[in-house]
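Below are two complexes that have chain A in common, paired first with chain B and then with chain C.
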Partner chain A sequence: MTAATLSGRVGRRAARGATAVVRSWLLFAILVVIWEFAARAGGSKFFPPPTEIAVRAAHLWFTGPASSLFLTDAVFDNVFPSLGRMLGGWVLAAVVGIVLGMLAGRSGKAMDYVGPLFAFFRSIPPPTLIPVFAVLFGLGSGMQIGSIIFGAVWPVLLNTVEGVRSVDQVKVETARSFRTPKAYWLGMVVLPAAAPKIFAGLRVSLSISLLLMVVSELIGAYNGIGRSLLDAQQDFDFPTMWSWLVLLGILGYVFNTIFLAAERRVLAWQPTRLGRD
Partner chain B sequence: MLKLLRGLAGLVGFLLLWEVVVQVGLVSKTFIPPASVVLVTVGDLLGDPTFLRDIVATMLAWLIAIAIAIAIAVPAGLLLGSVPVLRTATAAIVEFLRPIPVAALVPLVLLVIGSGPEAKITLGVYAALWPIMFNTIYGMGEIDPVLMETARACGTSRFRILSSVALPQTAPFVFTGVRLSAAIALIAIVSTEFLAGSEVGLGNFVLIASTGSTRFDLVLAGTVVAGALGYLINEGLERLGNRLFRWSTVDREAIA
Partner chain C sequence: MPTMLEVSGVSHRYGSGAKAHTAVHDLSFTVEAGQLASIVGPSGCGKSTLLRCIAGLTPPTDGTISLHGDRVAGVPDDLAVVFQDYSRSLFPWLSVQKNVEFPLRWRPIPRAERRARAAEALEHVGLSGVGGKFPWQLSGGMQQRVSIARALASRPALLLMDEPFASVDAQTRFELEDLTRRVQREQGSTVLVVTHDIDESVYLSDRVLVLSKSPASIVADLRVELPAERDQITTRESAEFVTLRGEVARLLHGDGAATSAAATAASDAAEWDLAEQSKSMDATGSKTRR
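So, the complex of A and B:
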């Protein structure tokens, strides 16, 4: 193979990648440009043009000292605590949900007793319980993490139960005839078989965690993204408010992308895995 | 029948546990009143016209939001599902808009629309759009190609294929999306009422109970009613879906 064809191939691949990027982001870019012109023409103070938002966002987050990677105090005081609570709450909810779901799903009758109760808990709009968590834990991280866990645990739990229930009967009987030890059975047969369902539940919980992180901070917190958003709104500082909103969109997008990549990697062995999102 | 009894036994067990934990004094009685008190409050509230008006306001907003969301999301899903170019072009926008939590939009909506019923309906629609749209697109991918090609070979027009072949074939998926959206929209509407303090509604009731008078029996009673409504809606839609789409052989899995 000569160098020319090799570079040609690399070039073609790069070109194809670039086309894909352009194709998926073109409309997005066009809309942003339209927004820019419409906002400048309309002059509504509620909808500042995207360039103004971008400038404000850069000023808000990236004008810190070099020693802290140019990140400002706003990032350290508001973004990181929010992310910590959200991910902390999500991970705790995931652990609790998977463990309880495995226990309840393994037992034949347990779900008959607690299933309707769990379905009822899942139907409760979590924000209405935030006042209760607030008086129990105070206006700190405890209340926020508590609300996130309460909201995020049910999809994981119920999906785990469903996944555990869906283990192939042949596998169940094979494992039994080999007298597979219980720990092996749970870790090597049940958990992998339930994994696709568990991941579906985890993904729902991730967006619930993001939602509750914001809601709990809107209701009562001393710092955080939601708190900053509310402050900006109350000061009628719309470019700043939009900056935080855009940050939430970016965070949601990034979390979703990372989660999907992880899911694809973990579940790559699944033979019937469909290429859907 | 046995299953129902066991479910009831579980419920009674939970209520007893709640009662005992509070009566023994593990948690403060002011902040978490015992189950007996909350249940009596629920009973009182259900006979209270003001509270019933709150429920009606919330449910009405919910119905309108779901109707609007279906009217937008189903055609959008059919369109995106049948034109791949369009789907690629809009993927970035959708993936950026979808994860923005509804609650984060509350401050913006309050400013632009105000705190009337329009605000909660708008956010309810926003939250309900995505599951319906994604399930419609997903359902489009599951249609038997032979059906589509037969229709095309018979010279059926594009619009006719969408309305008479694609739509009935995707209906079970659309319904799954509606069921998911129903729960999400209710949560979004109650949350908006709670955050924005609209004039009537279940969320507003909880807000007033928790801030003004700090009556936590009312907060928990309102929460229980909201949860029961959500549960009944979900359960009802699930039964309805099973009955309506018994003819459909495709294995449909909810995607959220």
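So, the complex of A and C:
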């Protein structure tokens, strides 16, 4: 392979990558531009133009001292606690969901008993239960994490049960024919076999966690993104309010992207997946 | 030659009462150590059920099975099974090397030795360079070889093969048959192959057990007097082979007039029930684990 062909291939791949990026973001960029012109023309205080939002956001978050990476107190006091609650709640929900899901899924009878209970609880819209958690834990992180866990556990739990129950019968018999001990059976066969479904559940849980983080903060919190958003709204400071809103959208997108990248890594062995990439 | 496997009076009945279906009825035979025996019978006659009973995956309703003298209750320690459906039997999340190492994972062997044994097993089946690949990247024949290598890596006293070459194309089948013979002779292992292919049963083995239609019983136990060194072309042309396979075919198809339409219909219905029952067993498969 000569240098010319090598750089040609790299160049073409880079061009392909760039084209993909442009394609994904083109519509979004067009909509932002339309919003800009529409907002300037309309002049409504409730819908500031994107440029104004961007300026306010930069002022709000990135005008801090150099020692803290230019991040302001607003970031440390609000964004980090919110993210901590959201990710902490999500991880706890994932652990509980996977462990319980494996226990319930392995036992044929267990799901007969608890299945309807699970179906009942997962159907309750989690935001409606936030006041319940507020009574239980008072206002603050406990209530938020409790709400997040309660809402986020169900997709993981039910998907884990599904995944565990649907391990291919031939694999079950193969493992049995080798007298696979339980720990190896669970760790090397059941868990990987159920992994695609578990990851699907985790992804849904992630968005539920983000949603519940915001909603629980709207209802009762001393700090956080939702709380800041609510304060800005009540102070009629709409550029700030929109800044926090946009941040939520960005966070949702970033978490989803990171999660998908991780999923691609972990589930790289799936033949269909590799075909796509 | 010492007896490796002893099957006596084994019966297996699915279901109970009026809907019960006897898959296997009062089977008795022995397999000596170092022998390659094949069980041949029509589809759905219960040969796979018999194999599962021998493997300890399903307990027989009657009779006993002994592996080198020890009663089989549950899956015995030094036994390995090669299943027909290699794409579902191999673990897609493990590389070929790790798949072959799988039975050795919980044994008290150091990692280096485990790796060496897996590599050795892969070499025996002619797949030296593919340890790093994943099963789906290999052809069907190669995947079944990986399955065989995985079974061999655990150095079983008895190797069971359940219609192992039914899912590969004809030419690959010939290669795998020769491979199985070579490996069996090199390792001196005892192998029991279940197949529906008459030619394969005669070509492959030292001994052919012919089963009847369901409920299966042994119709004949034939010794294969072909030379130990066999070749796909010349052996299959030889008079010995032709006579033997003709005999097996006649035994299998039986006397045309005697097999009435009603009997065929009854056995077909029983096959359907069997399939339904094993489907319902699938759902609780995890429960019936060891």
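As a convention for this text, the second predicted complex is superposed on the first by the 261 of 277 C-alpha atoms of A that agree within 3 Å, B and C clash if a C-alpha of one lies under 4 Å from a C-alpha of the other, contacts with A are read in each partner's own complex, and residues count from 1 in each chain.
Basically, a contact is a pair of C-beta atoms (placed from the backbone, for glycine too) under 8 Å apart; a residue touches a chain by one contact, two chains touch by 3 or more.
Quick caveat: nothing in here was measured; it's all calculated off a predicted structure.
Of the two partner chains, chain C is the only one that A:W185 touches; chain B does not reach it. By the touch criterion defined above, A:D168 lies against chain C but remains apart from chain B after alignment on the C-alpha atoms of chain A. By the document's definition of touching, of the two partners only chain C reaches A:W269; chain B does not. Legend: residue contacts after superposition of the two complexes on their common chain; A:G108 is shown touching chain C, with no touch to chain B.
Touching more residues of chain A than its counterpart among chain B and chain C is B.
Only residues 105-108, 164-165, 167-181, 184-185, 188-190, 192-193, 195, 269-271 of chain A touch chain C when the two sit together in their complex.
For chain A in complex with chain B, the touching residues are 23-28, 31, 46, 109, 112-117, 119-129, 131-132, 135-136, 200, 203-204, 207, 210-211, 213-215, 218-219, 226, 229-230, 233, 241, 244-245, 248-253, 255-256, 276. Within the complex formed with chain A, the residues of chain B that make contact are 2-3, 6-7, 9-11, 13-14, 27-28, 31-32, 85, 88-93, 95-108, 110-112, 138, 141, 183, 186-187, 190-191, 194-195, 202-203, 206, 210-211, 216, 219-220, 222-224, 226-231, 233-235, 255-256.
Across the complex, chain C meets chain A through its residues 55, 57, 75, 77, 79-81, 83, 85, 88-89, 91-94, 102-103, 105-106, 134, 136, 154, 282-287, 289-290.
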